[in-house]
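The next part holds the structures, each set out as structure tokens.
Here chain A shows up in two complexes: once beside chain B, once beside chain C.
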Partner chain A sequence: MDELILELKEEIIRVLNLEDITPEDIDSTAPLFGAGGLGLDSIDALELIVLLEKRYGIRLASAAEGKTIFTSVENIAKYVSENRKR
Partner chain B sequence: MSSIAITGSGIICAIGNDKKQVHDSLLTGKTGVGELRYLPSRHKELPVGEVKMTDAELKKALGISPTEVYSRTAMLGAYALRQTIADAGLTSEALKGKRVTLISGTTVGGTEKSEQYSCGNNTKAIDHLTTINSQIPISDCQLSTISTACSSALNAIILGTRMLLMDETDIVLAGGTEALSVFHLNGFNSLMILDHQVCRPFDATRQGLNLGEGAAYLVLERTNEARLRKANIEAYISGWGNRCDAFHQTATSENGEGAFLAMTDAMKMANLNPEEIDYINAHGTGTPDNDKAESTALHRVFADALPPVSSTKSLTGHTTSASGSIETVICLIAMHNRFIPGNYGWKNKSPECITPSAFIPDTDLHHVICNSFGFGGNDSSLIISDRETHINSNVNYQVSTVNCAEATVSQEDELKALREYMSPMESRRMCQLMKASFLTSMRALEIAGINKPDAIIIATEHGMFENGKKISGTLNEQGEEGISPTLFMQSTHNTLAGALAIHLGCHGYNITYSQGKESFWWAIQDAQRLIREGKAENVLVGLHDEMPIYSKSVIVKKV
Partner chain C sequence: MKKKEWEGTTYGNAWMHKWLIRLLRFTDVRILYAFTSVFVIPVCLLINPSAGIIYRFFRERMGFGRLKSALKTYQNHCLFGQVVIDRFAMYAGKKFRIEIEGLEYYQKLTSGKESFIQLSSHMGNYEIAGYTLMHDKKALNALVFFGEKASVMSNRARLFSGTNIKMIPIRPDMGHLFEIDQALQRGEIVSMPADRIFGSQKKMQISFLGQVADFPYGPFSIATMRGLPVLAVHVMKLKCRTYKIYATPLPYDKEAPRQEQIKELAGKYVTELERMLSHYPTQWYNYFEFWGN
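Now for the complex of A and B:
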């Protein structure tokens, strides 16, 4: 799981082009969206949906579904490990 | 005080190839949205509103040789414009000695042809005009292309109206054209705002929009001159509003601020109260966001006096850049035939939306609003009336303007300086062109001592070329999969104007010109026009292009 969490952090930084941020800067349990976390927004959420599809073969039905998964890196890792097709 | 008449119109879309056919479909409520037949896309699960003619049939109808290469966007435009010109009786005799201006709105332009030849996204929006222009029976017609995404065509009509009011031209042909493309079908899909069934604007179960295609144009003239040439006056333009939501690149604000301001401006200009509006053709795309925000804006403007509102997009699909003129022509058809078009597909009341109108026959429509909103928060409203109205345009020709500040960037390494104005987190999604446009805008505003300009006008020859190319590359390599939503929402020509408005919190007039090398000229002219109309004291004007990067921002100010 730790390996997947690190991989996700690196992918998030790459896909969302988060300059100046390293995987160590991201708290695995902290919220990704809104205040008090990374401060990502709805466009970032759409990019994460594309990431899930491209990298792990997981296709989400709606943006709303993404909201329940992208709460923290730990939560995404849990979802990916349970649902990944590749 | 002046009055502007509509003296001709033409239309082609999913529910008909001319006004008569569109009229019949509006009466029966037969949708033109269905499984895609003509577009070479694998997304059969996404219903679309295609024009029911192949490219070959369009060529034949237009007298174009089958071997010649024309984009579908251009052919649809030419097809609609030919009807418009015939409808208005614009023979070469009638046009003799007149200054004629063709203003067309498009975003897709020739993208679909570029797809066929795998040569990247052709973002030169003006290319479609050469074909369309050939329909006009004179040789020296002034041309302009507006590209404000889905509000392009309505903004073309608005610009034409303003140019006539200021006596810059005599006859205006204005509207827009857009063909479906694999590019934007996949792009909208990446934003997850396409419904897999026929769309249901304002319904509680709405899931998104269906893309459509088509074209429509109007002929506009000063009323006294239209009467002199004994033109048949179809309606009058009474007011307009062009505002920016300044909230998000593709989503709409909670309170529908841009839409609220656009409708309010239009009604003020037309001297009309809420009770006097008989029908509103909503933008009503069927996306959860748009319909909610538009409903909020409608409630804010009309309160208890909300007239019948409907969206016709469940019939036509969302014809994007052409929707403003297509729906204006639909309003004209409704006005002349005394009915209110139904909001087909609506069944379930949504707590966050207005209750749209069903089809209503035998009803007089004196004043009608047509709404058209686009990516970048480009929100516009137009009012047409069945009786002569005088536009409150308050033009002051004595006002002079000056370019009081200028900043340019042409080297990539200069872009690092953007950090003085925003954090890397804020600029994380910006391509180089966007960074350059922000840097020169901030510097010009700083020199002029202005925090927030009254309006933003952008000129661009190629638009967001690099982003478009990346998307086309992904489409070619991965077969219609994995498009970056960020790149797509930053692929429209008006991306920079919208993003600047968001950053600066500028809800004022906002427009993007893409008329080749003349784009900047149109932008400066428009800034001066806006100041003389009393709609702005200062305007941020920019010229931004890639390959190589060149970005210039100036502040045009009232003296």
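Now for the complex of A and C:
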């Protein structure tokens, strides 16, 4: 799981172009959206949706599902490990 | 006292909209054009901050003299009144003559299986394009302002029923982004304005008419996320009942790093805005400080 978490952090930094952030700067359990975390917004959520689809073959069914998954890197990793197709 | 911010919705309440549609069923639009130009617009110019904003647009961005800017400010407001009347005339069943430039690009994209993005702006009367550029097989998903008046939304829904046009209201949550993504996965068209920052607050600064202005990051990011083709679509008013659609392809280097793709696409969109404004300077309807204060 730790390997997947690191991979996800690197992918998030790459697709969201977070130039000044390293994987070590991202707390795996911190919220990704809003204050107190990475401060991502809705357009970043779409980037994450496309990332899950392209990299892991996962298509999210609804906005509600996305809300529960994109709470933290740890949560995304858990979902990816259970649902990945590649 | 804090200045009242422009809401970005169609003026008037449901009763006024209903009354206007009824009136337009049996009244020539030119009568309403004349009425608004003589009785409504002068009052608007006196009480509404839009007059100063557009006057400065003509003076500082278009480089017009004082008298010409004042005249163009009046013309701009008259034309805006006319395009609003035209929208309600469409809801009332009136038809408009449409000329199209770049139809071949639109047809090429609609005949393929791939989805594509249409970028619009708050110039001319984009809503007319929805009724004209409609494809029987490829659905058009139009991103619309969530806070728009219920009466306008219901009239749009009525007009779009039985057509291939769907509306996606921009919501405070992520719901609209899922709808966009799903439409793109189905190989459909997604249409969105790219000259206003709403929904995501991410923005990019681009030189526009000689000064840096903020543009939304989202539309350009969404297009490049999947390397989709992009068309800029502008619908400009030529005469009373004639509009011209400009469908202009905005190619970008899909092999370049992602951020470069976004910058290139946004730059080409802004160049197209400048081209349109060089032909139709009075059809710019962003009534807020687009370039900041």
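As a convention for this text, the second predicted complex is superposed on the first by the 86 of 86 C-alpha atoms of A that agree within 3 Å, B and C clash if a C-alpha of one lies under 4 Å from a C-alpha of the other, contacts with A are read in each partner's own complex, and residues count from 1 in each chain.
Convention: a residue touches a chain if its C-beta (ideal position, glycine included) is under 8 Å from a C-beta of that chain, and two chains touch if they have at least 3 such contacts.
All values reported here derive from a predicted model rather than from experimental measurement.
Engineer: Scan A:D25 for contacts with chain B and chain C and give back first, second, both or neither.
Structural biologist: neither
Engineer: For A:K67, decide between first (touching chain B), second (touching chain C), both and neither.
Structural biologist: Touch status of A:K67: second partner only.
Engineer: Regarding the shared-chain residue A:S42, is it in contact with chain B (first), chain C (second), both, or neither?
Structural biologist: Both partners, chain B and chain C.
Engineer: Looking at A:E10 after the superposition, I want to know if it touches chain B, chain C, both of them or none. Which is it: first, second, both, neither?
Structural biologist: Neither: A:E10 stays clear of chain B and chain C.
Engineer: Does chain B (first) or chain C (second) touch A:V50, or do both, or does neither?
Structural biologist: Touch partners of A:V50: chain B and chain C.
Engineer: For chain A, what residues appear in both contact lists, the one with chain B and the one with chain C?
Structural biologist: 17, 42-43, 46-47, 49-50, 62-63
Engineer: Considering only the defined contacts, which chain B positions touch chain A in the complex?
Structural biologist: 190-192, 207, 248-251, 424-425, 428-429, 481-486, 489
Engineer: Spell out the part of chain A that touches chain B in their complex, as residue ranges.
Structural biologist: Against chain B, chain A makes touches at 16-20, 39, 42-43, 46-47, 49-50, 53-54, 62-63.
Engineer: Sort out for me which residues of chain A touch chain C in the complex.
Structural biologist: Going by the criterion above, the answer is residues 15, 17, 41-47, 49-50, 59-60, 62-63, 66-67.
Engineer: Which bits of chain C are touching chain A when the two form their complex?
Structural biologist: 173-175, 177-178, 180-181, 185, 199-202, 217-218, 221-222, 225-226, 258-259
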